[in-house]
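Here chain A shows up in two complexes: once beside chain B, once beside chain C.
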Partner chain A sequence: MKKLVSVVLLLLAITVSGSLIAQDDGDRLVGVWEPSHGKAKVKIEKIGTKYYGKIVWLKEPIDAETNKPKVDKNNPDEKMRSTPLRGYRILKDFQYTDKNEWTEGTIYDPENGNTYSCIIKMTDENTLDIRGFIGVSVLGRTDIWKRLKMPSKKK
Partner chain B sequence: MFRQKLGIMLLMSVGFCQFAIGQTDTTSTQTEEEEDYSMYDNLDFVDEAAKRFAPAKIKGISPAKLITVGYDWQGKYDITAAGYTTSEGTFAEQTATVNSTQGLRLEANIPVISKNSLIVQVGARLWDINYDFDNPTSLTNPLLTTLHNNDLASMGLNSTIFKPLNEESFLLFQVSADMNGDYQFDDPQNFRYTKYSVAALWGKRPTDYKQWAVGLSRTYRGGDLNYIPVVLFNWTSPTKKWGTEILFPARAHVRYTVNPRNLLFFGYEAEGYSFRIGNQGQARPDQDFDDLEIRRSELRFRLMYERQIKGFIWLSAQAGYRYNYSFNVDQIPDGEDFYRGFFGDQEFIQENELTNPLYVSFSINLVSP
Partner chain C sequence: MVKNKLIIGMLVVVGMLVASCGSKKTADVNLETTVIAEGPFFEGGNSFMAPITINMKEQVNDETFEEVTGVKVTGVEITIVGNEFDDLSIFNSASFQFVSDVSPMTTVAIMNPLAFQGKSANLVTSDEVELTTFFNESEFTALLDLDFTEYAEIESMSVNVKMNFKVEYK
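Moving on, here comes the complex of A and B:
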């Protein structure tokens, strides 16, 4: 019985440590990134076991039509149309695979209110290939995001 | 023993906690806590060599179509086919009424490389153009009998390459290879009759709301081969309500955005191809001229409405006036084309006239992200 418990404990320890290493590897996605158009900055965070990205900066934060901070006015869900774009979570539900890829997630385009399936691939530590697609990956577009230096918190 | 049981329970608790954390509600798109966003104002790239490139699109521009299934219909009009003489005799000028010209239009444009520094799109196109003559048994002019018997078909492959040079400048290339004639899709004409069109432009995108480019093209938009300058000008107003989508002289439209899922356009498009007729060695009344091509070009002045049906499926509906620019016939031995341009004096075999009907066109489209 003593041996059995030791084996169980050993297996659990191996599983937990393996999972922690995989999680650490996946956490390389965490940071602030700039899409190619340079009109926004997106902060990717880990919530639970998944990764999410929210808009933290907009090149043009004011809506020329309303003269107020931009909101998600193109969202197909009318209830969401008054939500501020700054702070808006556009990347959702990404999970790390062990191939420098985060999959199973979606990306939202506030310009047209569409949500696309998305795969994130890290080509180097500071570069992401973000591929949004419709159904199959071939019907899609890749945008390249660059990592920004993390801001130091103001006191 | 107690310690071992405690250890197992502890590990199970950790596992359960991780599972519970994994269930955190992340559906909210608003931030859960107030954050000082000013800290993100001035951030540099970690990789100092990182470059920004001019995007291919501007704000507010209509979505690119990946797959299109459409139907085109022109109303009643008259064709006056010119007379001409062969060794078999003289074929008199004849005017016939076409009740409608209509057909399916299938197109696909798939991005094969889609990166910030390079976009390469490859496309295919297949058009069926059917001529429904009023009183077809009365047709005697070979051009009219050919159209009645065989209709016209057009298919082609094309590629568009967008190469940004830096944050503002870009190059744009378009190439296409088209096979147009009175062939059937299951028995296409010889590849040596393929027509090639090319355009190369250099341009700038000074703001997110404007891009322009200038260049040169080898084109069949006017029906016969021509080399002409081209100008691209895409613009969107700051409110995104108004804009232009222009690739002159091929097309020019003013855009009004009702909302991002409902767009209205007013403008024109020039459609032109050179269609080879009687080109498969078949015995025809025009066998003295077994190398004929209809230089078909029409201007379509139109009002166009595009709207999202659901998700990435969009409807496009257009109605307007089809103005015939050219329906003349040239002799092109072995498909070796010649350049007439705007000022050449080479004579046509037939100079034909068409009256101008109203037309409508519908398509269902899968649009690009």
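Moving on, here comes the complex of A and C:
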């Protein structure tokens, strides 16, 4: 009986530690990232169990036509078009799958107002393959994002 | 004879459609929560959150309630709690969302720039937003993004949020 209890406790410990490791693994996505075009910086954070990325910096924050901070002027919902682009969540609802991949999410392109299915793959600690697609992932486009490294604190 | 059977069949189908439409009911649902964030607050978007739990049976006051079939947001009012800010022009814009583990994050209302009446502002609500799954989940998170024009060194801050919905259910 004692042996059985020990085995059950051991299995439980393995399961719990396994899920904790998976959680920590997923959190490697958290940080500030720069798409290849260099026009924006995106901060990825975790809310609940899912990951979201919002624009925190724009190379050209002012709209040349209006001379005001850029807004989401292509949003399909007309009433939402005054949402500022700085702070806008373009990555939504990503879940970690334990294969260096975050899936089930979407990416929004403010340039055309379209939302695409998206898979994020971490190729190394500082590089992401962001693949946006419609329907199946074969029919899509991949962009490479680089982690923005914070300057180390002076001692 | 065959024609009569066809007509009877069609009448039955129409009858069933009418009956299913008739079983839908509507109710006004008002929710209120206080979203909180820890400071300091940086220039740009700062996120305020709070969990929301809905008991729809109680909300619609109908024992026959089965499930929500449609939701339309009709109003979202935010009110700054506390006296830390004399000048509310530090708040540039607001975006209010629902988040859950099951449903995709959904923007419910926004305002840019924020126009306060006293300490309150009525946000612009979305006409197209789909919130049915949140109401059927009954537990989700309210997320308010407040855009600060400058850094504010405050320990924590709360914002009261009043929401009004027109809910269709069966």
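Before moving on, here are some points about what is shown:
Everything below uses one rule, namely that the second predicted complex is superposed on the first by the 133 of 155 C-alpha atoms of A that agree within 3 Å, B and C clash if a C-alpha of one lies under 4 Å from a C-alpha of the other, contacts with A are read in each partner's own complex, and residues count from 1 in each chain.
Criterion: contacts are C-beta pairs under 8 Å (C-beta built on N, C-alpha and C of every residue); 3 or more make two chains touch, one makes a residue touch a chain.
Just so you know, these numbers come straight off a predicted model, no measurement behind them.
Legend: residue contacts after superposition of the two complexes on their common chain; A:D24 is shown touching neither chain B nor chain C.
Residue contacts after overlaying the shared chain place A:R86 against chain B and chain C alike. By the touch criterion defined above, A:K50 lies against chain B and chain C together after alignment on the C-alpha atoms of chain A. When the two complexes are overlaid on their common chain A, residue A:E111 makes contact with chain B while staying clear of chain C. One of chain B and chain C touches more residues of chain A, and that partner is B. Judged by the touch definition given at the top, the superposed model places A:V71 against chain C, while chain B stays out of reach. When the two structures are aligned on the shared chain, A:T142 is found in touch with chain B, with no touch to chain C.
In the superposition on chain A, A:S36 makes contact with chain B only, while chain C stays out of contact range.
Chain A residues 47-50, 52, 54, 56, 80, 83-84, 86-87, 89, 92-93 lie at the interface with chain B in one structure and with chain C in the other. Against chain A, the residues of chain B that register as touching in their complex are 1, 4, 7-8, 11, 14-15, 18, 21-24, 26, 28-31, 35-41, 43-47, 50, 52-53, 55, 59, 63, 66, 110-111, 114-117, 167, 208, 238-240, 259-261, 311-312, 366, 368-369. Against chain A, the residues of chain C that register as touching in their complex are 44-45, 47, 49, 92-93, 95, 99-101, 104-105, 107, 110-112, 124-129, 141, 143, 145, 147. Contact residues on chain A toward chain B in their complex (touch as defined above): 2, 5, 8-9, 12, 16, 32, 34, 36-39, 41, 43, 47-50, 52, 54, 56-57, 60, 64-65, 72, 74, 80, 83-84, 86-89, 92-93, 109, 111-114, 116, 124-127, 129, 132-134, 138-144, 146-149, 151-154.
Those residues of chain A whose C-beta lies close enough to touch chain C in the complex are 47-50, 52, 54, 56, 71, 76-77, 79-80, 82-84, 86-87, 89, 92-93, 106.
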